[in-house]
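The following blocks contain the structures, represented as structure tokens.
Two complexes come next, and they have one chain in common, chain A, joined by chain B in the first and chain C in the second.
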Partner chain A sequence: MSDIGKIRIRVPSNVKAGDVVRVRCLVIHPMEIIQRDAQGKIIDRNYNYITRVTATYLGKPVVTFDLTQSVSENPAFSFALKATAPGPVKVSFVDTHGGKYEGTADIAFA
Partner chain B sequence: MRRLPSLRWAALALLAAGCALTARESPPLASSAWTSRAIPEARGEVKVTPDGKRTAVRYKGWTTRDFGAFRTYAYDDARLEPAVQKAVMPASVVGDPTRGRALFLDRQKGPCTGCHLVPGDDVWPAGSVGPDLSTLGDRKLPDAYLYQQLFDPRVTFPVTVMPPWGAQGTFKPEELVHLVAYLQTLRGPAPPEKDTDRNPFTRSKPVGYGDNLDPTNNPAVVRAEEAQALWSARGPKGKACADCHAGGPKTAMRGVATRYPRVVAEHGRVMSLEDFLAVHAEATTGRALPSESGENLDLTLLVKMASDGLPVAVDTTSPAARAAIERGKASFYRRVGERNHACADCHTPDRGANKFLGGRFLGDVTAGLTRHFPTWRTSQNDVWDMRKRFQWCMTPLGANMQAADAVEYAELELFLTTFDVGKPITAPGIRH
Partner chain C sequence: MPEPITRRSALGRLGAVGVAVAAGTLGAGAPAGAQGPSPAFGLQESVQDGLKRVFGGRPMRDGTALIKLDIPPIAENGAVVPVSVEVNAPMTPASYVKSIWIVADKNRIPIIARATLTPEAGQAFVGANVRLGETTDVRAIVEQSDGTLLVAKREVKVTVGGCGG
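Here is the complex of A and B:
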């Protein structure tokens, strides 16, 4: 997992002003699963998983995801936004070990 | 009489030509005389403990049941199909429809619902490979006829998809009597459907899983990107793939995957990319790449993706390839395992293809089933190559699997790939 924190963001290529577009983003992350012992008690350890994903478009927040546990290795998130002007979509991921990963994709009008 | 000598010469010339051919292009092995280079769980081995208990070595989470009593795909397995058996319904047992219904749905047995639709909201998911039995009782068929159909339908229909359940011992005679009793209770009209997806004849067909090259959609693409490092990683002999194949995998390997599986004269057998890499990488770089290992799959992904969009162009005309394709075709129609099924039963359009086996939509061999492998399986959360898919097919067949790099599988894969010729490679695929 040398690529931890590597981010890919996909936005549609032919966007017109006013379109609702779906943005998909994926981050390379191990997303450790919380383990339990034989008695069902959580094994006390600082598990590394992403707890917060925030996305901004043209500097304004679009969506925030709060995670309370691991969802999947290399998780993908998708959300929709209304493309009002060409500009960047920024997505940032924060994990429980203090890692902060950021990626940007540009929405360009066709 | 004067023409005889010239004929003799012609025969001699033909013989010589034949010899030249064998010398240049040795025919593929027609037996299993290949030492497997697969990881231990992919070799299809069976362990016998001192007390005589036999357990099959398979992948983690797969059944360890030994199907040694049943016919396999091995070329040296000379066993014949089980003989057709006439059966008489035991008169001493009184059929119980309730028990019959439980047996009909029992996932440890058939389940019969995998192929046949019957009424009931708990029948999920029902398949459509066999006829809809919702109103079978209305036909007033004799009990003895139904019993024979369940015990061994080949008495009435010599080439049926239906397994000989009684003859192979999956159901005991008294269980079949209960099943007959249940089937006779199925009277029409069938109750209205609450959910159209319950009925496989009205269920919507799967439409695909989106862009297979989008890393946010297909995790296999992410895996392939991580595998790039393997291309230039040096093996124990101090060599890497990149040292001989210049320009990176995308350039150096462009079009290579379109020619596989092919007859590799040097090894005297048909080899898929995975088979060839297992031998070639070890010989050149010293890095062991056993079949079904993660690294073998990684490199296969890299090489196959370099041919994305190019049409499959396997050799189907050379004598060696034609002979191998014929053997692969024979395997495709060979009946194996506890169920006495052939690949063709599920995957040809005149039998099960494009129908539902339980909730699973069966692929159609004529549409080409190989060019998207290795593929991400959403149901398994993993990337599988063609061979692991073959081995997975062995469990519902009730047959012990061959080694992942077995000649039998290679020639079967070549036969399947002939249906892909001219169609573009779309690796890595994404499927259920």
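Here is the complex of A and C:
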């Protein structure tokens, strides 16, 4: 899984000041689910899944997701933000294996 | 010189062990040493237990009129089900939607995700792809900044479950 942690963020291209825009992001991540052995017992190990996603815009937090293993593989998220000024949207992820991934996209006014 | 074992110190130590054990069970979904989520997450439990643990006995109002829970009525593949929640409520510093929870009643881990919002968002909208183990009710629970809880519910038919184990 060399692609693990790859992030794609999509922001609308045609934004005017004051618009509420929707941002979509996707991260390549296995989001391992709990496995059971033949007896149905849970195999105890450190499953690798994303626990927290934080999105900031102009340095201010917009939304924080706390996740569990009930979230899909290669999770995709969307959220809204109010575009007040051109600037970066930064999304960062933390998983249970200590991995930290970060991606940014710029909001530019048309 | 080692401290003599008195009844008080022994009890204190037992207490510490008890706390450690309790912390261990809370983190069952997130093994120790991991960059753990808040302890309210990743537990395998029934939805009633989960809601009780997270929200206590706080009353929930029916928020069907305000909450738009967008989820396909039939999910062919339970491994990826897109859910989005939009709340028709103001997002100003005085009154805003503080958090949105997504709950699938019959998942082994029913409390799927929590999104914590700030007024910067401008609109209470979140979306995520979730797994659904079987045909189940999916709830969106919205907590507003004044502590009001609103809930909306939809049933999703799942053809192939996506939770595995």
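Convention: the second predicted complex is superposed on the first by the 104 of 110 C-alpha atoms of A that agree within 3 Å, B and C clash if a C-alpha of one lies under 4 Å from a C-alpha of the other, contacts with A are read in each partner's own complex, and residues count from 1 in each chain.
In this text, a residue touches a chain if its C-beta (ideal position, glycine included) is under 8 Å from a C-beta of that chain, and two chains touch if they have at least 3 such contacts.
Worth saying up front: this structure is predicted, and the values here are computed from it rather than measured.
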Contacts of A:25 with chain B and chain C, given as first, second, both or neither: first
Which partner reaches more residues of chain A (counting touched residues only), chain B or chain C: C
Which of chain B and chain C A:68 touches, first, second, both or neither: second
Which superposed partner A:10 touches (first chain B, second chain C, both, neither): first
Which superposed partner A:93 touches (first chain B, second chain C, both, neither): neither
Touched partner set for A:101, first chain B, second chain C, both or neither: neither
Chain B versus chain C as contact partner of A:76, first or second or both or neither: both
Chain A residues contacted in one complex by chain B, in the other by chain C: 24, 74, 76, 78
Residue ranges of chain B touching chain A (in the complex, touch as defined): 214-217, 219, 222, 225-226
Interfacial residue positions of chain A with respect to chain B in the complex: 3, 8-10, 24-26, 28, 74, 76, 78
For the chain A and chain C complex, residues of the former touching the latter: 20, 22, 24, 33-36, 42, 44-47, 51-52, 57, 60-82, 94-98
Chain C residues touching chain A - in the complex, by the definition given at the top: 29-31, 33-38, 41-42, 44, 79-82, 84, 91, 104, 107-118, 120-131, 162-165
